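Sharing a structure below in structure tokens format, with a few things to ask.
Each chain gets a letter, A, B, C and D, in the order it is written, and its residues are counted from 1.
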């Protein structure tokens, strides 16, 4: 819950679609892009953009951009303009920079000597400042502060072009990948092709889905002959919304070409010798939708395992287990299952609470989170409650919830947090409060339970989190704990970025 | 879930507030009204209105009305206009008539010979047609089709007024109550007083709360001397949002006067001899927010009891129990607890899916509910699932969910519905599809399981529902079942309207 | 110019249309109403409303209302809803009460015992307060402060109705006319008929037009057999916009029935013995569009005659004559023609200046009217200019114009005003500043030229204005001036309301 | 009138402002920019943009952009953000490309190695295509189709930059001016300076004004010591709106530096030997506001002279002279004066007619221009009218006006056009219909009078137009006509672009 409250956010979601077969097909690419972005809406609510191409030579591109949620950013008559698209890419944006303007909205489209390209980006380039300098030193002016523009200019810039040359975009993409190690998942559209790219560390997710006739959607078979189109998405949760089957992930460092002829892996740009991948572990913990699949496992299941692990690491004498809805619920159910305590609901969320025009300097401000939650008082008056939250970031949102439960119900409230304390900034696309604002870096953290008013507070360990994600065992509190064993279908899940928890960044940061 | 999908809806929510003590006080009545309406937003999303009075003589009234959700219906600068209000009433509207225009928006305000009154109404007058005739025969033109205007004109009309007379609004309200037996919960504001009125059958809810300093909000004590104001609300769930303590319900037939001097019961208009009250049982089943309290019990708890009762009435051999989120979750937890089966989540709701501008004649329409739910496939592949829903109205929304679960997971799906089949129309304020559209009245109902694709389908019995609400035992299937016993604190809960389930209406309907 | 600046305004414009022949016809009544209201937009910019009827029994009415100009008040999809209308009435509103809310927007529609009626009103009932009391004493609540609602309730109220009775709306309208002498031009729609009504004093204008095929629009012939429909409008200027021929005026006190069968004069309610009509003389001076026709003469021509008369009454030694654009131009041309002085333009209006969001407490506020006008400096540097304005109301807008001309050009500026000083309030529908704000009632008026910075200031006399409107001679300054003779085609134009100039009101006002 | 109807339009207006003296001053630069743009609104209504700088090092820039008119493009709260600006530039846009998107909206702002620059442009680069290629060949991607982005990238690109270097923006601007001869008037803001640039041919206008205390605005004196700020504007008409005195024009090829220290001419880039300037003659004919001053003369006066000249070239036997309001009025007054015929008004414009939502396939479409004009029939029934229009472009808008006058009034209508026929496209910023659409290139032109229904049609000659603009004599019809002599204060006005009339372009066009 506190993630949401504290303004932590994922930078973006990207989504692409290519109709298979001879164009024009019956596939309504514009509609699929719209629905795909709606399914990725949790990754960014500030603006949305779609660019489609008819794929002909020269191609006709249509661009739509708007502020706010997908459903309000685009008007019905605008969507009609996308009708002639045979392929397209889209983007939902969460501003990490605080500048929310339409011109920062992606995808970014530029005319180059060899035609128009469109780029959608999820992530944050760790060496963006140096790259901006480089581009500007070349004499290019940059009109936005988005990485997406920077990437398009880098692609346009090197190597120098002559009009006579055939444009080798793949070489340019590879070149880009040597210049910036992380963090990016990219969709690059050029004429009739989408290049799906994941950085060598695989820091941000990117999955491919295959569209089949609705009638064959749920059958296990369905040969490639039935393919109606291909989709590429930050998360696989969008596939179900548009009637696509999960196909596979783009691998760290991989460049995949998606066209009407199918999906083709062009190359894998390697990491430096010995370096493990660094998929963001917070995609599992918080950002991704629970029905998405990463590395062969469902996010919901990982969160449940975190709950199991938390129950092993931090058991409690209590009467019931409950959740701060809705994000902590899988962990709470896992905790309940592992601990054997009954799972109950104690808080009810008012989904209509949003930005009100209420001036802040009033008695009502004191009520704070109470506007957002109703206490289900019959369920645990006087009981000992283990309340599972997904995180404590600043510590100022869980506090009134505890007060509410304690005073209304005379309850004893143990807080168990299904992730480790956040202590370090992220430079790879996650918006985290400054180090000073993080409760884990404050003096109060030594008595966090007292500070937030709980009877006890315990966090999941880093090892426990990693074990819940990767499988294997977790060493905790000096002893080797037996770790619940994820059914990983033989997939090795090694190498996750835990920088915000440990300060160990996957690449050295230059300043 | 299906209630929501099938357009069943409550007519309205009403909310009033009076600042206690000498006016002007520090209490920001306009803000409290706004937040109170936000907390009642689930009862109506089509329009919102607020009228405040400064309570002086003659009073200055300020009226705000707007279409849509409270937070978008009112602009920040409009709310500033309410600053001088010492009391006020508000309304959120769900159109049962299909005419969604600003002029039908409540509260309705009229100038009468004795000054201006404002009226907010939740319910539907069973004899509205006859009353409209009566009013028009008197020579009055009616400018809207809302009961609220009809009520104001009835109040203005009888008995005839002379300017010299002191206006006896209470006599007029009593007179109104003899002319129309049900269904209404009313807030009537006149100058410096709000009259809170519930029809003699108590068909719609109405509760009173007391505002105390935030510091004393959660303490059990707090004498009346601490009272900062009074609020009246369709549901008590709003009290927590604005920092009020639950005080009591307005009783069926009662007229309560709320002023700066406090709360005063003026009279109780009786029902015909021997007639029981008829509080709408669907407030418990579906409409109310789970954290509201009716008749001394929390709605959430009643829904849980429905789940318990359902498990008693319709046990199943299965591996897990789950819910169609979010409304069926309390019943699912109750079912799980009673049956001893583990509770798991199998569906994940995408909260961003709303009205899209997607044209309906496409492949995407076939996907239907799939846009709204993601399947959490790891949790129950190949298992036998008892899926609890709160209702099946038309039968066309649960069907694709079952298909999704069966085909994706090869699961066996038993549907258990935590309410009885709806068979009859409501004339008291609930918007129900026509009799012909209700699945329970169709031939297909004889094989409802086959029709919707489930392995089995069972509904809660009417007796079971009544027992879960009222306590006591429920006779079911020829034998007397032991009923789980609600802790009713000695409150007798007798007399609920079950007309939509049984066809037995609380009053005879004239046509 | 100053009228516009000083917020003087006409209350409203009304427009009605009935398709002739068998319904449904090809005539698009909704579109004609929209265009008709656009042509009357100068009479009210605050809100607009249209009600159409299909004319069947019972009739289906469609109502559209919106704030602002006609073109922004209605959306394209709304206008489609009017497609099935065979007749309809519309209204543009200028708020005289200062309360600009959608619910005050006309036409006002009410259900009565005998069906639904719709009323659009231009004017202001002089005895509105007494009538409101009367209606309320009868037990009717009034929900707006508009005369239009009051009129509908008066029509509904008397005589008492029985459902069995045939409704005699004409008797009710006559009854209404006996209860309130002035000021109103009304359109009352009931089922398949529009009643066009003008008060016995004829205070507000109302004209009838006949729609013919476009091909016959400009031919002088065209029998009634070609009639495609009938329109009724506050001003005839709207006829040209929608392709209608001028037919005739509704006479003072007349009730005209307009239906698909044609135009039928039902009766003329007389004034008290010996009372002359009282058509508002400011319709000629300022409010009406110059291409409208009243009493057989074009408004533009009357304004030109005012200029002629002004030149006769207030001749000046000067080099050029000019105008404060645009409203004073006909008078300026008349003055130039009569005086023999050359007409030049000295001010150029910036049509894009409107409400800016500029905060008022700045240096820019001092510039005032300069934002609105550019000085055409080449035309009269150092010259003696007679500058014609249509009015001086408060005196604070002409002042900076004079300053601009004097200082920029070293010009000598004589102000000649083509209407007499306004000294008294209007109670018949014109919004005039309070008596105290009127420059003509201030001490400064004794040296008005000095006050506004002009070399000399002269107004048209009341007699001169009346003569310009009615023809005949004007006595001025002790001697009988020869009056320019309007070509009145034998029409006697006697009896105009000059209350705002003379304080002589057409009816005795009760307080 | 027909210019307006036929969609001919100027590309843009630019406006800049620098507060003089020590910053921060009292001058509200944001407000001045807003009002300045409102005064230039006639040059572009599609979008508006403002960028301000606080002028410090590094500077803080604030950018506002919006679609539509200035007053609706910016919200009040947005304007507050400009409060800390000490200098700024703004732009109103008329799309010549048909692509009306926010991202094409100017000013264009880019980050370069040496900081952020902002550019506003009026005109159209004749060699834009070649320049785009050049820039892209350098490896730069272009994200819009606006010349403004192209100019910023050209400025950023050459010569190559090193971070250590001091940026020599003036050298870069000079370099730009050697690469593209015309057409541009530019405002380039960098930190605390605005560079005002006019292309060597002076094709687009640009004037400088000096802000003085309001109290000294109209006095002829006022030393530089009173200077409160400097403004630069496409047209001087904006100076009066914001309280500035006309200072001087930027000369063709001149780069002027405007800073808090004052106005400094840096250099004048020459044209090729022997080439005259090429100021767009249509600025005089149609585009500019009549109260603007170019080359020492007021536009209004030039238009009057065109009327005089037209009367000399094309005299007519007639009774009256009139205008198609409003743009043709100065010429009509000039014609009347020269010919000795009386000037009258025959058409009255309805200023509220705009885009209506009326569907086009109706009888109402046939009415066409009649919605826009009312005929003042009293003025010239049966008379011979010389009707002056400013242009005939396609010939389809004057036609219904003539029909209206002829049929309603039995008038004889002679059309006299105060500019020559347009025959050629413009590549320098004016949006002109395709060659094929121009009436002057159609076969019908041989009988243009018959085609549009006039008794006779005559155009002003090219020589006559040039003479009216430049002074001197015009040879016409074989004989040397005496030309009315403009009082040019010794200013030589030589060299105007008449390409759209003659096909002689100021520079050779490459394709």
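Definition applied: contacts are C-beta pairs under 8 Å (C-beta built on N, C-alpha and C of every residue); 3 or more make two chains touch, one makes a residue touch a chain.
Remember, it's a predicted structure, so these values are computed and weren't measured experimentally.
If you compare B-C with C-D, the chain pair joined by more contacting C-beta pairs is C-D.
Using the mean of the Cα atoms as each chain's centre, the chain most removed from subunit D is B. If you average the CA atoms of subunit A and of subunit C, the two centres end up 62 Å from each other. Our note on geometry: subunit B versus subunit C, Cα centroid distance of 50 Å, whole angstroms. The geometric centre of subunit C is 37 Å away from that of subunit D, both derived from CA atoms. Across the assembly, subunit C contributes no residue in contact with two or more other chains. Working note: touching chain pairs come out as A-B, A-D, B-C, C-D. Across the complex, subunit C is touched by residues 26-28, 31-32, 34-35, 38-39, 41-42, 69-71, 74-76, 79, 214, 217-219, 237, 240-243, 289-291, 297-298, 300-301, 329-330, 333, 337, 342-345, 348, 350-359, 362-364, 366-367, 370-371, 374-379, 403-404, 407-408 of subunit D. Against subunit A, the residues of subunit D that register as touching in their complex are 63, 101-103, 108-113, 117, 132-133, 136-143, 149, 152-153, 155-158, 160-163.
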